[in-house]
Structure formats: C-alpha cells, structure tokens
Amino acid sequence: MVISGIRLPLMTSLIVWAVIWEIVGHTDAGFILPPLSSIVGRVFEIVPTASFRDALLITGRAFLFGNLIAIGIGVPLGILLGRSVIADRLLLPWVNLFLSAPLSALVPVIMVLFGLGETTIVLTVVLFSMWIVVLNTRAGIRAISPSLVEMARSFGASRWQAFSRIYVWAALPEILAGIRLGMIRAVKGVVIGQLLVSVVGFGTLFEIYQSHFLMEHFWALLLVLFAFAFTLNELLAGLERRFAYYAASR
Amino acid sequence: MTPNLAAAAPRHMTDLPSPLLTARPIVEVKSVSKTYPGGIEALSGISLDFPEGRLTTLLGPSGCGKTTLLKIIAGLIPASGGQVFVDGREVKGPGPERAFVFQDFALMPWASVIRNVAFGLELRGVAHSEREAIAERHIARVGLKGFERKYPHELSGGMRQRVGLARALAVDAKVVLMDEPFSAVDEQTRRKFQEELLELVANEGKSFIFVTHSIEEAVYVSDRIALLSRRPSRVSAIIEPKIARDDDPDRIRRDSAYLDVVEEIWQQLKHYLD
Amino acid sequence: MPISDLATALPRLREAPARRWRDVLIHPLVLRLLSFAAVFALWEYAGRIPLSPAFPTFLETLGGLGAIIADGSLFKAFLITLYPLVIGLAVSVLLGVGLGVLMGLHEPSEWLIAPVFIIAQAAPLAALIPILTFAYGIGLTAKIMTVCIMAMPVIVLNTLGAVRNTPKSLLEMGRSFLASRSQSIRLVILPAASPMIFAGLRLGCAAAFIGVILAELLITPTGIGDVISYNQSVADYPKMYAAILSIIAFSVLFIEALERIEVTLFRPEARA
Amino acid sequence: MKPLGRRLSIVLAAAFAAAVAMMFGSVAAQAQGKVRVALGDVLSTETLAMVIALERAKEKGVDYQVTHFSKEDLAIQAVINGQADLGIGTPYAVVQKSKAPLRVLFQGTRLVFFPVADKSYKSWKDMNGQPITFHARATGTEAIGNIIAKREGIQFGERSYVPGSENRIIGMMKGQIKATVVDLANKNLLLEKAGDRFHVLPGVTAPASDETLFGNIEWIQKNEKQVDVIVTEFLRLWQEMAANPAVVEQERVKRKLMADQPKEVLEGITRFYTMATKEGVYAPAGGSAEIAKADFEFYTEAGQMQGPVAELKVEDFWYLAPLERARKALGS
C-alpha cells in the first residue's frame, strides 16, 4: 500500500489495530479486552516467573519431541507412499482422513489412554503435524521428473545412491514445505492439547487465570503464544524459500 | 497521404522501385515512447503507419518492445509519450475497433468453446441467441465445427489458438492485433496457421498487426514488415516483400524472392545478437 | 518398479491365473477395503490385549455406536452440534469470501485487514475460546464465534490469494474486449478464483469442525461434546469412542459432499 | 515390496516402537518409591490445603508425586487403572457401580454449595418446572438440587450442565442461566458483581462429604505405615485450620508453594480459608462412621447411590483405621 509515495510494508497496519485495541481497552469493554499497554506490562511480569518457564519448557519439549516423531515417521512414510503403488493405495485414504478430520475429538481418547502428562501433549502434536509431512513428502517424491530418475539410472547409480543423492534433494522443497506446515499445525496441536488436558504447561496457567477472571494475564499469555507462533512461521517460510531453487532443477 | 518515415532513414529493401502500398494508414503510431517504472526504456519516439486491409508485422530481436508497442496500440498499456491514432481517432484505451489475440490464448477454462468465442459480444450485451449464432459462424470459419460444447482443456494448443482467433473475429473489429499467436504451437500446425492467415487477410477485409520473432513466418504472411532495433527500439527498416501470394501457398516457400528477403532480414538482425 | 511391470517380466506360461489374481489384489477399491479391514482387525486385537482398560475393542465400539444410535442420543447430539457449526460456517463463508474478494480487489483494505488474518492463520486460536466464553457467555453465540475464528482465516486468505493471482492475460483479455469493472469481476476474476476459493472452503470446513468440537469440549458440553465427555466421565468407553468415530466420519463425509457439490454446480469443465 | 520399501518399513517400525516404549517407560519410572496422588484440579487456592498436608507428610519421609487431572472423574479412573495410588474426589457412585476396590480415608471438603437464582424466583416454589444448571451429570451440585427438589416438593424443568462454578456465574450474569448451584468463592463473586439481580436460596443444612482422600484398598493395606503418616498430617492440618485458617498461607510462604502465581490469587488465600472454615467446608473431624452414614443418606436421596441406606455397609466405602490411629496420635 502506498501513501503519498511511501511504500508501506504489509504488517505496518498492525500499529493501527494496536491503537484501536488501546482505545477499546479504556472503554467499558475493558473487562474483556484490557488496554494493550497493561497487557504488555503483564507480559513482562509473567515471563520471568518460574511457572511460565516450566510451562514453556514442557510446551517446547512436547513441541520439539512431537515434531521429531512426526518428521521421523512422516518423511519415510511419505517416501514409501511416493515410491510404492501398493503402500500408496493402502495407506493414502487414512492419511487423507486424518488430515481433514477434527483431531481435537481424538485428544480425549489420548488423555484416557496415555494419562494427562506430557505424553498426551506429544502425541497430540504428532497427530496434528504428521499427516501433512507425509503428504508433502509423497508429493515431492512423485513430482521428481522421470528424466532425473533415468539420468541417475543411466549413470549406474545404486538404488540407495539414487535415493540419497537425488530423490531426497529433488523432493527437499516439498519435504521442507511439509515440515513447515506440520510445525504450524503442531503449534495449534500443542496448545489445543494443553487446553483440553488443562493441567499441563500453558493449560495450567490458562486454567488459573480463567478461574480467577484475570483477563490481563490471560491476554498477556495469548500475546506471547501468538507472537511465538507467528515468528516461527516466518522463520520457516524464509528457510523454505532458500531451498526453493532445488525444485527448479526437477 | 504518404507514410511518414521515422527520423532514421529506413533503407528500402525491395528490389523493384514500385511505390509503397497505396492503402491509407488505418493505424498511425506517432513518436511513441515507453519507459517502464523500473526505468527500462522499451520504446523511444517510434513512429510507424499500418496500411488498412493489410497484414503488417513487427519483427525484431526478443525484448525489443514489439509486444509493448502492440499492447499500446491495443490500449492495454499507456504510452509514456507520443500518440496512436486508429481510424483517425486517438487511442485512450481498448476500443471496439481493435481485437487482441493472446500468445497464451487467454481462454476461460470454465467456459465452453462457444462461450469463449462469444465472450466479446457477451460483454457488449449482445443477446444470447444472436451472439451464439455469430460465434458458431466464426467457429466454423476457423475450422472448429463440432467442438462448440468442448472445454479448453479438451483441445490441443493449435485448436485453442483457433478459439482465440475466432473470439477476436467475432467482435468484427477493424484491426486484429496478434501477439506471437503461433509461438505456443508445434511447427506443422504453425505452417498450416500461416497459410490460413493469408487467406484470412485476403477475405476478411480487416487490418492485421502481427508480432513475431520468426523471420520466415514474418516474410511469409506479411504485406509489410517493420524491423525494430534493439531496446529502446525504433524502426530500423520497412520491408514490403514482393511475393505473389495468390496461387499455391507451398510454392511461396520455395519462391526465390521469398528466400532472398528472408536472407536480407537475417543479415540485418544478426548483428543485434552479438 | 510398480508391481504390474514386475508381473509382465515373469515367464508368461506358469503364472497366468496368479497374474489375474494379482491384478484384482492391486485394484484400488480392493486395496482400500483391505486397508480398512486390516486397521479394524488391528484395533480389535489391540482392544483384546487389552492395551489399556480404557481401550475398547472395535466390536465393543460398534456396540456402543449401535446403543447411542438406538436410544436416539447420537441423532439428538448431532442436531445440537450442527446448529452452531452450520451458522458459524455460513457466517465464515459469507464474511470470509466477501473480505477475501474485497482485499483482492482493493489494496488499502488488504493492507489493513490481511495482517490480522495472517497472524490468525499461524496462531493457535483455540486459546481464545475462554475469552469468547467471558465475552459471550456459555450459550450458542460463544460456540458460533469459536467456529468463526477457526474457519475464517483460511477462507479469507485462500480467497485473497485466488483473487490476487487471477491470470494476467485473462484480465487483459477482458479489458481488450471492453469489460467493465463489474463485468471483469463477475465474469473473469471470480470464476477464475473459484477453484481456489472452494479449496479454502473445504479447509475452512475442516477447521469449523475442529472449532465446534473444541467449543463443546471447552465451553460447555453440548451435542457430540456432551456425549464424549459424559461417557468419558462414567468410563463408558465404547460409547465415547463411538461418538468420536461418528463425528470424524461425519466431517469427512461433509467435506467430501462439499467437493462433489462444487464439481457439479461450479466446475462444468472438471466434469467434462 | 521392493527392497527399498522393505528397508524403509523396518526403519519405520523401529521409530514407532521407540516412541511407544518411551511413553510407557516414563509411567513405569514413576512407580517406585513415590506415592502417586491423582488430583482432579490444578494447584490453586482450593487444592492448596491438600498439597500442604502432603508436603508435611513428605517431611515425615513419605515422598509423593501429584498428577493433576482436568476433571475429578479422570482422577478417580486413574486410581482404578492403577496409574495412581491415592486420589482426591467423591468415589461413592463409582465404587458402588463398578465394585472398584477404593476406600475413603479422610473427608477433605464438605459439599458446601449455594443455590443462587434470579430474583424473579422469590422462593423454591417459583422454581417448579423452571430450568436449572448443574456442574455435570451425577455430581455434587446435582445431588444438592435433587435433595432440595424433594424437600420442597418441586420438580425442576430442563437441566443443563456447565462445568466450573466460574462459568456458571458468567452464564448467570449474561442471562443465559436463571438458577444454579455454585461454590462459596463464586457465590460471593456473583453477589458482589450482580447482587441486585441474584440472590441465594436456602441450601442443604447438613452438607455431605465432597472431596475425600481415597485409595486402592490393596495398596493401602500394603503401605499401612505411609497411609497413617499422610492421614495424620491431613488431620493435623485440618485441626490447625479450624483454629487458625491463616496457617495455610503461612505454610504456603514457608514452602514457597504457588510462588509465582499472580498476586491477586495469593492475596485471596487467607480470605478464602477463613470463609471456608467458617462455612464448614473443611470439617476438623475428618470423617467417621456417622459421617459415612450421613453421606449414604444424602447420596441415595440424591439418586446417585442405589439401594436402601440400611444395607450400605460403612466398611465397603470407608477404611477408618488410619484415621482412628491418627486421632489417637494427635490426642483429640
């Protein structure tokens, strides 16, 4: 958007929203939506506390571990589906089902099976993020141009050489895109998991703030979570763009 | 009214001293220039006339601004300087008297062939039955009879371009502007198109402005060729190949005059590439 | 090397009947049934071990499903759940597509509104649900709002993306034939954008289902959320799993139906 | 399957097995040594007293590990499934229905809840046929509702369920709920914020047990000594609280519990426990055969337990030995 010649980057309009939030905060709606300034004040009050750090630690660990499992299982599964028609026809319906199904309904099942500790949160993360990793990896493998495959075979590459030298790298952009999308869904998964379990990590903090009607603390925690999710998304998008040129070589 | 020649004296290529075509200029480009926002100067003070009822080709190295000039004449892009007159009236934007044929066909994938061809009339508010009748006629005219209900993704590249051409003809514009229309089709279809274009120019009584980077194609179809220099382009030569076009189209390709002109133009354009 | 090539490479005479049998095996439908049967068998086996007292076998779950269908509680629950879902989805679609198109055509509004949705798309909006409870109480409004905040971002951004990258040559074609602004929007931009807008609607639909279930599990247990949490609290796991299975199956079928409607109504060329 | 496919599936299986082993492993590690306590709520004002009692037991050599659960019935199921040794909640209905080997050891809190209603309902008579909202099906709040309905000879209209007293008072203030039963803290908050629109209707006179300390009887008998220490500390704290409710805050500060929770929460602790002890939420007796019988009376009347009260034997639901030993130890 251009105002009097200056090219305004997209995100600058957030300042406008921040001002509106501040104004609304001072009106009677302030109980539900406290002024932004006091919320930011709370952020600095909450973040250094031990309970926040513990919550962050649990969330971070569950997020990391969940993603590792999701990628550890998702990428090979995606490659398997990409390369073998049988596996594809057998497993693809399930992958698509889990991708579009409302997985939040499965969280109570995980809670009942694996208790309400970190395990459930890790599993929720895996459940939320794995399927997109599988699909993208599969798409990446299937999109490898046949000429690249023939070129590898013409130079006598063994199956493992062809795989590790060419397929993985050629499919890397899709795999990375899958991992990025998986991580975004994982952020939602780790929060939804904690909200539903409500006695672990941020779930506990939200529960305490909610039962004592502490709106400023609640919004402060939301602000921190949203900021984290957004920066993570931007970082990953940047990383992915760097690898995009691999696709061109297909 | 003799065509006014650009500042640079274009060398006359024709061997016979016969006068230039006597037809009046339907389109007059008067010292048009174009600079893109990035500071790239595509055209600098180019002036050119396009005889009515004839096919004139803009030929030049790639990136010399021939498509830019064509789009300025079509009114799709504003010129940075100079004017363009069509049938005496200055061009301010697209107009009913000009129709455009796109390099990448620009067909609506969700619309059938007949709806695509009748689209120009649909926009003008022509009644459904009337515009479909006109469309059917032009569909047959370009040899696509029987494909009215098909969809673009069901047609070959060549057939899709015929739809684009039929769409341009359907609005009965005086000037048909064609931006490298055959570059997206295979060689054999391309030759067939060139032969059909000759017949079209002869029978339709419209004026055609044709952009191509293929010298053979230009010489084969054009009554007049405007050779454009490298960017910022200006007219470096105007050629009117003296080739008898009335009889067998294949004979033209073997005609010595045709081959001489092709060689002549190649010598001119070659040094632009090094 | 796909299995069919393998088949042809073998000596022809000996295994003619085997090859026919193998072709049947790799037929997509057969394989799909096989995979479902395998998973349900695995589930039955896991339930029998038992993996955990809270893990009923597949047959018990079917029994539970039969029970909640027979006593009508599943049907009643679906009606209650569908109410906020459909309203929320309708609002999200109308508002979402409207906003997306507005932003696609009018840059200042894109500058103002898009960042909010870009953040919403990346952020875990489920955390907002308690705020909605404070603002709108525990009634229907809070649940409809939950469905909206979950479904809208993806619809808006997909529509914006679709409208923004309408093929340039189509736009120029429209202009060259003197299409007016409204004609250009109605006859070129929207039809060209419709496939991607529909993709956004399907994603929005999936998000809406997540939203309504979260609303029913976090705000107050009503509809399917009530069947799930009540049966969980009384440890009637077959009914609990049956309820979860039914809402997941329903959401997949709902999205499948949406796709079919899209093809029949809006995409004749896909059908041809 | 091609060689590549086979090698991949081996990698796949190994990764999955490792993940599952990791999960079950963590549960097993917890088992040795520590007493596993299942608590159906987060560590906050209401559950602070119980945690302090457990901390004191730890000082006496009985180490413990609290697992928090979002709902009371999940905590009960955790004890049934063997995920936890002791739990905090009301297990009467589950023990009777599923014959689970659970026994109540100590009465933590009593069912001191307050029916609140829109002022348009002057008395319980006006509530006949009117809708009312409880915490969840077959829970304490609904039990109170059933008792009152019988006492007043009325029938409630449509019943809805909203977990959490704080959510129910939001519903009241937003006009979505006309009448409900809420806990002490939220009753005061409601009257403070909307005292003009709502008032308290007469509740139940003799509140039965609400959250009790209970455990798996086999585990209890195998760990008699540890149970005695825990029950003694609960009784000692409950007696101290009856005399000086501020002891809870003093103990919290001494042990740096809930250290970094918001100060608004911490400031309310002493006020909460003073009110709660005055209203009889924390009874110093800690339980007895009479209290058990009163509970049976209450919960059968409320329809959450079946069978004539006379046939319900105290020892099927309570295990009073540790409490009696504790009472002797504390000389009360």
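Think of it as A, B, C and D in the order they're written, each chain with its own count starting at 1.
One rule holds for everything that comes next: a residue touches a chain if its C-beta (ideal position, glycine included) is under 8 Å from a C-beta of that chain, and two chains touch if they have at least 3 such contacts.
Source: prediction; values computed, not measured.
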Fewest touching-chain hops separating chain B from chain D: 2
Reference chain D; chain at largest CA-centroid distance: B
Pair with more cross-chain C-beta pairs in contact, given A-C and B-C: A-C
Centre distance in Å when chain A and chain B are each reduced to the mean of their C-alpha atoms: 52
Centre-of-Cα separation between chain C and chain A, whole angstrom: 18
CA centroid of chain B to CA centroid of chain C, Å: 49
Centre-of-Cα separation between chain D and chain C, whole angstrom: 39
Sequence positions of chain C contacting 2 or more other chains: 52, 54, 134, 229, 232
Junction residues of chain D, two or more chains touched: 2, 74, 77
Inter-chain touch pairs (all): A-C, A-D, B-C, C-D
For the chain C and chain B complex, residues of the former touching the latter: 167, 169-170, 172-180, 183, 187-188, 191-192, 194, 266-269, 272
Complex interface listing, chain B residues touching chain C: 71, 74-76, 93-96, 98-100, 102-106, 108-112, 119-120, 122-124, 150-154, 171
Interfacial residue positions of chain C with respect to chain D in the complex: 1, 52-54, 133-134, 136-139, 219-221, 226, 229-230, 232-235
Residues of chain D defined as touching chain A within the complex: 1-5, 8-9, 11-12, 15-16, 19, 23, 26-27, 41-44, 67-70, 74, 77-78, 83, 164, 166, 189, 259-262, 264-265, 268
Chain C residues within the chain A interface of the complex: 2-3, 26, 28, 31-32, 34-36, 38-39, 51-52, 54-55, 107-108, 110-116, 118-119, 122-131, 134-135, 202, 206, 209-210, 213-214, 217-218, 224, 228-229, 232, 237, 240-241, 244, 247-248, 251-252, 255
